[in-house]
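Heads up, there are several structures right after this.
Two complexes, one shared chain (chain A), two partners (chain B, chain C).
And then the complex of A and B:
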């Protein structure tokens, strides 16, 4: 199968749902993807099983400040420079592009990068959702060494980093990003197909497409989305309070949803840090990271990003299980509630909501 | 003496005109059907108020016009100029070229050609690239354009590349130029879209100002003309000729300001009930609250600051059925179809009348319906009241003390009190609130930029305030009376140096 222009709206909707409130606005990425497919043709979607063991997979993502990426849009030449650097280092060209993060903008725009490079897109990603920090990827959890980062900026600069560990990888990549004007394209963990097996989350592009299509032209979009995700409906109600502050480069805050209809009398509080991380009712968590929590418009089932939350919106909060990889000890250590500063022991969403 | 003001507002259905005296009282008003060419309806409404003024028409000092010329031109792809679209952003931004996502027919009607050339700035003010003036010349030599739209990366913070290239275009090609930093805020694609639309509307702007000036001259009026813009303020014709896109959305802004003025409330929720829908807006400190979401005009996304309007499907003509309310309406056929007019379709008007709610000038509508229909109508009133209460709650953001100002031809369907809001005010002349809003408007200017958050911050904010005030004066405000009416600071994340995004708006009464 391949991804064509007509698939982009569904992919964008699905990626927004998997973004759990973060991952960036899918709009610019959609425009870039449509443009690239029109120019270079549809993008084949391949499975890991289709690739020979030594085939190189390049996980790509845009990093930087959202305000900057909406103003200083990326250059069309950036993916090619990263691909050339991969070939220079490994002695052979990459065979596929992979999204590092399927949630939000970084789930959609790799379609554009793959089209520009004339490469297929791997039906997989490194998160199965969106996360704010560089080390919060499946490759890290799987124990692959964080020993290579390739970055390209709008000017054509290419920086290759050989960090000693994930901490230095993050520190150096961020410094390069700031020098490059707070926006860059990054390949982190260049993988062989053999090395990628078990270290990436497979099937997530197809999944995002299906999630996006589930709400297309159906009488009950919310029910259709909930069914497709196998999600628990934490509450349906009205947003009554949104509090946000920017600290340490991240947007933190809380959002309060008061139940309406059958949920009248209930109050759900969401803890936000770029993404929706914990849902609490009466002091008791109903869902927590790394499980997925997304706020959707009750009527249309369209996902609402954390920065789009406004008083008075009629919303439903959905939560569903993350990929099993995140529930391993290393996964929880990397992206469990304590990794975000919450003094909570992880309990799977299906246990927390068994009574709902 | 030239102490009278005329306000004219062109709406989708009617063109309204009012005359205000020096004390701000409405001394004449008129409603005429909006004509397809807009201008005829405008003349008719103007003539109607002039006729009722008699001799005192000599005292008209100013005429303010809010019009849909620009909106219609874009929606109908009519009278649009061919624009050379020039982006200063290479080597960045090539991933999404100009006009991506535009409807094909609009793009065809507007674009004379597009180019992404070197220029623009980084977020911290460094140059992305020097603008290549020869590349600009080569591009412009190839295209046949009536105007040029220039958009530079981070120009709201650093506008000098846009100005440099703009001067070249004016000096060497003699073409009118739209510079994006004068039009929109951060967000390259949305600002670029608004800038291109602005450049495409120069011809329409000339038509509107020409028609207004001619209409005044033919009637021997020496009044100074102004155009209303989307934030509820005015522009001189010279200013409007450069910023025609700012006239889009002036109708709702005028309606909000007029309603507040007539009711005497500076902070209020305005509920405008029409035939098919009800529009709600919020007035904060005398100005319309602006929408945080991106605004689509003719299928094109812009980051224009428009009034935050919530529209719900409830109007005097909304059809009432056993299973519920609307969302369809009998629209202009209400005078034949509604039960109170002897028709056969139960409407919201019938439901309101059955509940004892009638227009203030009680037209003597009576209703005699079977029990089953009466029950259905009662249900419709309950449903409508819930719909309104729900919409009011969304707009008040939980502040329940603000008064509700009811305007529009269908305002009588509203209950005497709406839960979640203060008192319900039904001001006199509410049916021409939009024209009143145009007549009382101030002139304004705004600045949206990125400033360092460190020690130099306060000085930089002072400079931004001065710039906003200067822009208000350029739009026609009295320099001695300009005030800063809005100052918003938002901290930015993921940057090398702490920085804030600053939005400043200045406004003041028109200069004498």
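And then the complex of A and C:
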């Protein structure tokens, strides 16, 4: 199977839903993907099983604050410089590109990077969603040493980090990103196909395409999306308050939805750190990270990203279970509510919403 | 010739004088050098002419704010990790260590790094003094591409920067340094011996030793030092005001010296940015960067570094010409007064002090 121009709108819609508000604006990624496919041709989608054990897989993502990166012009030279550095370090060129995070623009734009490099895209990612920090990837949870990060910025600088652990990886990569203008292309963990088995979340590109297609031409897009995701509907209402600030490469803030219709009288507050992390009603959480929480347009079921939240929008908040990897002790330690500074014990969204 | 424990006090005194207030506290470097020589033996001092053309020379320096770095414990693993990264990148191990800056602790501590690595020290440096920014080195002025920086911190992280130019080198290295705790070991420009010819300032380790020895056991240390340096005496007096602040990995501030004795009634102000950069009397500069300005104890002629300046100290301010390299157009563009934000046209210290 290959990803062609005609697949990009569905992929972008699906990635926006899986982005839980973050991962960058999908319009940027879509534009880049369409342009690159037009120039270099469709991008083959491969499975891990298709690759020889020693094939190098390069997980790529854009790092930066969404409010900055969706206005930055990405250069074609950035993936080339990362691939050159991979070859310099490993003595052989990469065999495939992988999305580090399938959520948001970072799930779509690797199609462009793969096209530009003439490489296939691996049908997998490192999150099954979007997360704001560098160490919040399946490879880290699977226990792979976070021993190599390669960054390339629009100016042409290439920075290679050999961190002692995932937290230093995050701290140093973030500092480089801010110094580079709050936006950079990053390869985190260059993997062999053998090493990737069990350490990446497989099938997520295909899944994002399916999620994106679920709402195409159906009479009830919201119902279709909810069904495809197996999501709980936390509230349907109106955005009445959005507070955001960008600091140190991050967007932080809150969004408040006041219920309408059947939900009149209810108020849901979302805590944001690039992504939607916790949904709270009357002081009680209804869903929390690492489960997925996405704000969608009630009529079209199109996901609204953090930077697109506006007063008065008619929205529905959906929440559904994350990949089981994130519910392991190491997964929760890495990306559970306490990893983001919330004094909450993780409770799965199915339990929290059983009686909603 | 080799550098032994008995040479370290003179080397440290000389490097402090050439440090123009910066380059880090020489006590830290001296302690490390003495310890390393005791453990690994004396360090051979070699000239460029002694090295084969393809021998790799690694210019090393500590990067960070002096007020932080002189309290940081440096680990022996840092130079080893840099050397390993050099070998990984170039496919052969380094042949010699070089001081990136001969001024301050950064002129002394490479003796320790060379001893720990079992390598000789090159009798050369990249400044002939100390400078606060990464791109302010002779290699940059000589037109060598600033294409590789390797940093290693006390935590064990290794960061390799391939910057597009010297200014990005500085910006990214500084960001990494601050994220790493405001202190790191840095290799800037890995050189071949052939490439180093004409791009480094040769003989500066020997020169620092001579400057340090000039004041040993003589009746008039200040006169001896002034004579050895060919320095102008800008003022002799008392430190009456010292203002310093540490921001973004830098120390900035001013120091005021009120003349005593023959200089009664005169007031000299020094502008500091890690180093002493401009000396001003009655709104008129008496010396300015890249010429060297050093505050010494009037009695002992020992240099006082920026972080050691205290109210009431009896001091003499000396100033003398920099290496001719810094007086070229590219040299002044890189490290002249305007490179530090001063609205001054460079005038050599000999002209400014001709009638002092």
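In the analysis below, the second predicted complex is superposed on the first by the 334 of 356 C-alpha atoms of A that agree within 3 Å, B and C clash if a C-alpha of one lies under 4 Å from a C-alpha of the other, contacts with A are read in each partner's own complex, and residues count from 1 in each chain.
Note that in this section a residue touches a chain if its C-beta (ideal position, glycine included) is under 8 Å from a C-beta of that chain, and two chains touch if they have at least 3 such contacts.
The structure presented is a predicted model; accordingly, all values stated were derived computationally and were not measured.
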Partner, of chain C and chain B, that touches more residues belonging to chain A: B
Partner chain(s) touched by A:192 [first = chain B, second = chain C, both, neither]: neither
First (chain B), second (chain C), both or neither touched by A:76: first
Touching partner for A:206 - first (chain B), second (chain C), both, neither: neither
First, second, both or neither for A:163, with chain B first and chain C second: second
Which superposed partner A:311 touches (first chain B, second chain C, both, neither): first
Touching partner for A:178 - first (chain B), second (chain C), both, neither: both
Chain B versus chain C as contact partner of A:155, first or second or both or neither: both
Interface residues of chain A shared between complexes with chain B and chain C: 155-156, 178-179
Contact footprint of chain A on chain C as seen in their complex: 85, 88-89, 155-164, 168, 171-172, 174-176, 178-180
Chain A contact footprint on chain B (complex, rising order): 89-97, 100-101, 120, 122-124, 126, 128, 153-154, 186-189, 292-293, 301, 393-395, 397-398, 491-496, 501
Chain B partner contacts - residues on chain A that touch it in the complex: 27-28, 31-32, 34-36, 64-68, 70-78, 112, 154-156, 178-179, 181-182, 238, 240, 246, 249-251, 308, 310-313
